[in-house]
Amino acid sequence: MIAFLKRYEGLWLFVHSPAAIMAAVVAVVILVGAVLAPWIALVNPYDLSSFSLFDGLLPPVWEDGSNPKFLLGTDDQGRDMISSILYGARLSLVIGIAALTIAAVLGVGLGLAAGYYGGRFDAIVMRIADVQLALPAILTALLIDGIARGILPAAIQQDLRVAVLTLAIALSLWVNFARTARASTFVQMNKEYVQAAIMMGQRPSRVMFVHILPNILGPLLVIMTVDLASAILLEATLSFLGIGLPADSPSLGTLIRIGMQFLLSGEWWILWIPTLFLVALVVSINILGDFLRDVFNPRLR
Amino acid sequence: MLTIKDLAVKFPSRFGDVSAIEDVDMTIAPGEIHGLVGESGAGKSTVGAAVIGLLSTPGYIAGGELTLGDTDLRSLSEQEAHAIRGDRISMIFQDPQTSLNPLMTIEDQLVETIQAHSDVSQGAAVKRAVDLLEEIGIDNAATRIKAYPHQFSGGMRQRVVIALAICTDPELIIADEPTTALDVAVQSQVLDLIRRLAKDRQIAFMLITHDIGVIAQIADRVTVMRKGRVMETGDTEQVLSRPTHPYTRALMDAVPPLDHRITRFRTPTDAETAPPGSIPDNAAERWLLEGQQHELLGLTLDGIHLSFPGTRTSIWRKPDPFVALQDINLTIRPGSIMGLVGESGSGKSTLAKAITGLIAPTSGTMFLGDNVLPAGRARKRNDPSRQLIQMVFQDPYSSLNSRHRIGDILSEPLWLYGFVNDAAERRSLAAAMLELVGMAPDAIDKYPHQFSGGQRQRVAVARALLARPRFLICDEPTSALDVSIQAEILNLLKDLQSVFGLTILFISHNLAVVRQMSDDIAVLRNGKIEEIGSTEGMFERPQADYTKKLLALTPVMPRTWQV
Amino acid sequence: DEFRWASTTDPQTMDPHAVNSAPVLSFLNNIYEGLVRRGQDMSIEPSLATSWEPLADEDGWRFNLREGVTFQDGAAFTAEDVLFSYQRASDETADVRSWFAPVTEVRVVGDYTVDFITKAPNPLFPDSIANFMILDKDWAESNDAALAARDAENFATMNVNGTGPFTLASRDPGVRTTLVPNTAWWDDVQHNVTEAVFTPIGNSATGLAALLSGEIDFIQPIPLQDVAQVEGRDGFKVLEGEETRVIMFGFGHEHDTLLYSSDVTDANPFTDPRVRLAAAHAIDIASIDRVLFRGKIEAASQLVPADISGFSEANQGRADFNQERARELLAEAGYPDGFSFGLKCPNDRYINDEALCRAAASMFAAVGLNAELSTGPVRDYWPQLREDDFDMYLLGWSPGTFDMEHPVRFLLHSQDNEKKLGSWNFGNYSNARVDELLPQIQQEIDPAARQAMLDEVVAITQEEVAYIPLYTQPLIWAAKDNVDLTQRADNFFMLRWVTVN
Amino acid sequence: MVYFILKRLVQSVFVMLAVAFLAFSLFRFVGDPITQMTGVETSVADQERLREELGLNDAFLLQFGRFTADILQGDFGYSYRTRQPVAQMIADRIPATLELGLVALLISLIVGIPAGVYTALKPRGFATQAILMTTLVGVSIPTFVIGIMLIFIFGVQLGWLPTFGRGGTVQIGGWESSLFTIEGWRALLLPALTLGVYQLTLTMRLVRAEMMEVMRTDYIRFAMARGVPMKKLHYKHALANTMVPVITIIGLQFGGVIAFSIVTESVFQWPGMGLLFLESIRFVDIPVMGVYLVVIAFFFVLVNLLVDLLYVAIDPRLRVRDVQ
């Protein structure tokens, strides 16, 4: 057993880190809940006939006037809070993960190539990155959202809101990946194994993706977790500014935005339960990110 | 004065406490230079760090006694221990490039250290700092002291480091590989300085090094360590010339002599490292021999000139290019080993890269055999020279992709050059090749980090061989390795060369190593060839002043001590 | 006393003719005055005109002006100013020129008499110009502000010179605007405000916090769900009323096919009145009232609320909540399993607009009308409606003239660009009889005859379910207890009725 | 040095032009300015005429060319919404946003750096874990929720601080500042805190990571070995070296501060550029949005330039000219 763990150091570290275990448990529970939402949720927020305004504004079960059917109460539409949250986490995670994947592919690809080829190509990529950085995420989202609205037929716009938002978030995150990948690639380029590969006459794409990429994965993975958290938060913020998702596709961010209206009105659960949930999710992702950082830090080995 | 008794240091790790050193005994008298030698990981640095109380976390002293004069170092509180540091014990680190705070001037660093330990005014501290710099041989100290570390050369920096270590008049200085990063010329100056300080100021030195030559030159007494334990301790002459411990003897055998050539190093015959050729009917060997399409190939460099563009700092002026190689004319005879020596920065690696096509010379022509060797980008990916020329790099820790298995690393050339198209066959050939370079075939499924530096270097050699090269460049292949492991690798290279008839360019800054390896030698300095000739001729009758100086300054064991 | 108040939007300009928007008109009504004005109950009363009567020999109205009124800079108010203001307000550069579409000419008869000549008899004309504000001719001309600012600012964008009860002390657009009383005002002063500071606060939670922390005295509006919170606190009160705005669903009457349907692609079921009626029966207005609006709305039967002139007493019934009936009607119309369609809603225009649409979509779904809801900010909502990009949409309408004729003109008459009719009838509901009745209603002087025609229009459009009127939007203001003020149904806030105790 | 700055400037112009172009292309899609500019009763023909007058029917590139040409001539145009000169509107709002952003940055540095140092030096302490956890929760709550929470706690329940606006401001040479009055500071505190929380966490974590790295370097170990006092060691030697990479990231994050100030400004009704921008979006006020984005890009470029210069100031190795 010890030998096995020694071989998989990360795993060994993991079983010895209560914080990481807890974070992983929370993340996994949320993830599983999100994946299984269509089967375990009481109502389906996308199926308008599965809930009724009649059940609106019911408090959680431990408060007066609650309905035991709705454990954590209902929102102003009569949707079960638990169901909304499960579906919301599902959507948030889908957006977050998809945005992250796009950002990572784009950023790592450009960063790797910039680091590998250097010179003019590198300069161009870095200037593009500057332009991106000068356009804060919110503005990028507006841009993408606007363009999509301008060029897509109206009939599919609504369906594409999620895609548009994902793309917007992805665009505001790729620079991170590109910069990190580029910097790490520069370091790797001076490593002798890369020189050996180039010297042997291997194709640039092979050098980049087969040789260099696995070696710079560590810091990228860390960015991934941290940025997954920011992507989820960014989505919430964009929703707050009215450029996020429509209210009938409840992401965690949209739920919080809607809940904000009930901050004072006594229906605290509509705001605070999704918020709590979001915090739990983001914190646990961040803890896992920190944990990964430790695992990948050669000095701590 | 410094007494170490039964010292044990442990590092708590993820898998329980690991003993770094155990039962270490040592005494150092005032004015004594006490050498501490041993292979990498023997625990030399740990002893030093334990004495000065700077064990890297999470290490701790598990037992034993440490006394300096009448102070029990182990009983000190955190504050008291810190007060002793610098005041009574100082330390010098290996790398002068990184030992100084890059953001502070030399003056600031000296003054702050002086003022930390004695209650003197700013003016007095500055004066003392200037005097000290002059004492250790920095000209113009009064103005140079305002400079930042990066404005000093390596040797000067190491002197500043020493000045920092002695500016508070400590009783003991722990010097952890103080000259390893320096050129021989600078090294000899630093060693002189240490010797002078020990004599004049009666400072005791704990000199940690793995260079036996250095020990032989200046140490009064020496302690040999291995795997955290003291093997042998005694007067330098006694330990080096009449070692009592078998390990010390083996260590001595592995030290390459400067003044004569030995055919093979004597190494402890280890089952794991059977010499190649002794393995009957090795598949890899057969494969290599049958694949020799070319007869022996030589390499000729004709008027190679190479400069790097300087960094631009002004709009109006074009930056001066940095000339790394000038007018290099060199012929490497087919089947011979050409040694290339020169101090750091002289352009050795640049030359190697030019030959491999990683960078292009500004002018000049290269010939491989009778064919012109295209330079830089002009060399196509499928140019035959890509396969014929292979290289073994200096740093075994970075020359293998740490994310690839040994098997993948070794199969790559087979696949790339289209030698073997069947994956299973590639694998068995790789395994056979591992055997040939003296490694267990089960290494094939492991990752590089699971091996020691020496083993990795063997893998690197194996990878180069699997390309069926005719010309091999070895860029300081052993400079990162211990002497004993160096000896094994050098033996391996010699054996392979004799069996396969390779032409080798062997780069090193260690004259003794080059002497053991090469048939001819070229001496490089500031990008120019100073001297070129047969090895024996050069060592016996050096022509160029520079070569003479190099030979004179290289620390060696007195011939009489040699076993 | 100093009085500080907040609302969601800053008036974009101080020019009374440049922008026809409620925040601007509401704010400037404190500074400028028109010939007539509205009282606390929305009735028309004399202002700069003391009396008016229809012209005897031609179509039009004569206004007798008040004498002795001066502008805030001291200049006297005369008929010239009225003529000038008319010219300015009906110029191409002015956004309020539609008010004067029926006017052909304005004649200065005497220093204090002005005639407005109209194309046809226009009994409602005085009502329609309650927000027509009068500027001083000399002031405007000498300050290069003779025309309303359109592309660039002019003097009138940031400066005022009205006859009203307050005048501008300082203005920092989007941040704060300070008014002080006009000491030379002609009317009896009912307020006791010495300085009034207006701050726009866009975020409703922030606005409420500002009220509760005592930094402002009054805010309009506050979110419905926070009413209980404010009422529950000592020292604060909530003013509830009904706006004149009726919220309704509209249909794409003239579309041949549905744009957003996944099942019915070759027809537009909403052209069938039975389907529209089914949709009306699907709405559970009581639940909407209870959950979304906390019991603060009044269900609507027609396009105007009950206290608007022209309201049809005879047609007060509305389709009840009856899912059974809705399904039957759908089946009759040939859609026993219902169908899907696109529902468009703004999300920042009306109170709880988005929540309402979500709830409605869920109610529609319960009878088989599967709404694909799409919501967006109003800035691109109107363009979508103009491009006919909807199957069903949400609209709120407040009759600018406080008369039933207004929605008939804008929402029920078929689209007619030339005559500028039916311009907000996005689905182009079209009924020949309604089109025929509108000009007659506009010209009819006799109230009973006019009402009869309006009743007929309402009956027709109810019968055909031209729209589904839902409810009258509530007006919720909140103030400190020590402030007395008047809540007018047009959501205009008049400083002249404020007293701080 | 001069060459270096010039090179950066040329690159900056490129960045700004690109941002302007992107920004401008986005406005076509935000919505229709005309329906926002006119009232309910305005006829379609009048709307069309207005559209024509404003050049909104022209080809996109023509519009962009006009926009850049005007800007290059110093003419920033007039707002569609208020008809005021855009240059003046933005200029009026710049102080508010800059002061908010700078104070937020300051808070994040004043709190973040020591916290980072502390948590780096005592990586296993209880306080460290508590700090790390708290800040983590802090950044996991969306900014707007934090802002409203602060308003209700400190503004409404405790009544200590104002809930909106800038409080007392004074004019200093055309710069409207809230840094010189108590009222101004009271008003600034909550928004700056809200805006700073994210930066604070970021700064802290960066400083912590870099510091832990620096503490392992040879020169720190050497300084320790020669008995440099611990305080000096931590705050002079280690921190200075930590700041070199930290400054870059903080500089880059300035864009983030400005972007998130949009949210903060809207929550606190803070009369800065972000609030103006949001209003402009609502009214599709294209000229204001365009200039806003160009100004933001300008700030970004400026800050990056400053960061580079700061770099040179901190790190003598970069003072190329000095090398002998």
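By written order: A, B, C and D. Residues from 1 in each chain.
As a working rule, contacts are C-beta pairs under 8 Å (C-beta built on N, C-alpha and C of every residue); 3 or more make two chains touch, one makes a residue touch a chain.
Bear in mind that the values here come from a model prediction, so they are computed numbers and not experimental data.
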item: Intersection of the contact lists for chain A and chain B; value: D
item: Two chains joined by the most C-beta pairs in contact, as defined above; value: C-D
item: Farthest chain relative to chain B (centres taken as mean CA coordinates); value: C
item: Separation of mean Cα positions, chain C and chain B [Å, integer]; value: 86
item: Computed distance of Cα centres, chain D from chain A, in Å; value: 23
item: Between chain D and chain B, distance of the C-alpha-averaged centres to the nearest whole Å; value: 49
item: Chain centre separation (chain C, chain D; CA means) in Å; value: 39
item: Overlap residues in chain D, where contacts from two or more other chains coincide; value: 30, 148, 152, 216, 266, 278, 281
item: Two or more partner chains touched - positions in chain C; value: 205, 348, 377, 380
item: Junction residues of chain A, two or more chains touched; value: 149, 260, 263-264
item: All pairs of touching chains, each written as two labels joined by a dash; value: A-B, A-C, A-D, B-D, C-D
item: Chain D-facing residues of chain A, complex; value: 127-128, 130-131, 133-139, 142-143, 145-150, 229, 233, 236-237, 240-241, 253, 256, 260, 263-264, 271, 275, 278-279, 281-283, 286-287, 293, 299
item: Chain C to chain D touching residues, read off their complex; value: 10, 12-13, 18-21, 92, 95-99, 149-154, 157-158, 172-176, 199-203, 205-207, 209-210, 212-215, 348, 377, 379-380, 382-383, 386, 400, 410, 417, 420, 423-424
item: Chain D contact footprint on chain B (complex, rising order); value: 52, 54, 56, 82-87, 89-91, 93-95, 98-104, 109, 112-113, 116-117, 147-148, 150-151, 161, 164-165, 167-168, 311-315
item: Chain C contact footprint on chain A (complex, rising order); value: 47-49, 51-54, 56-57, 76-78, 149, 154-155, 157-158, 242, 246-248, 258, 260-267
item: Contact footprint of chain B on chain D as seen in their complex; value: 1-4, 6, 216-230, 232, 236-237, 240-241, 244, 314-317, 320-324
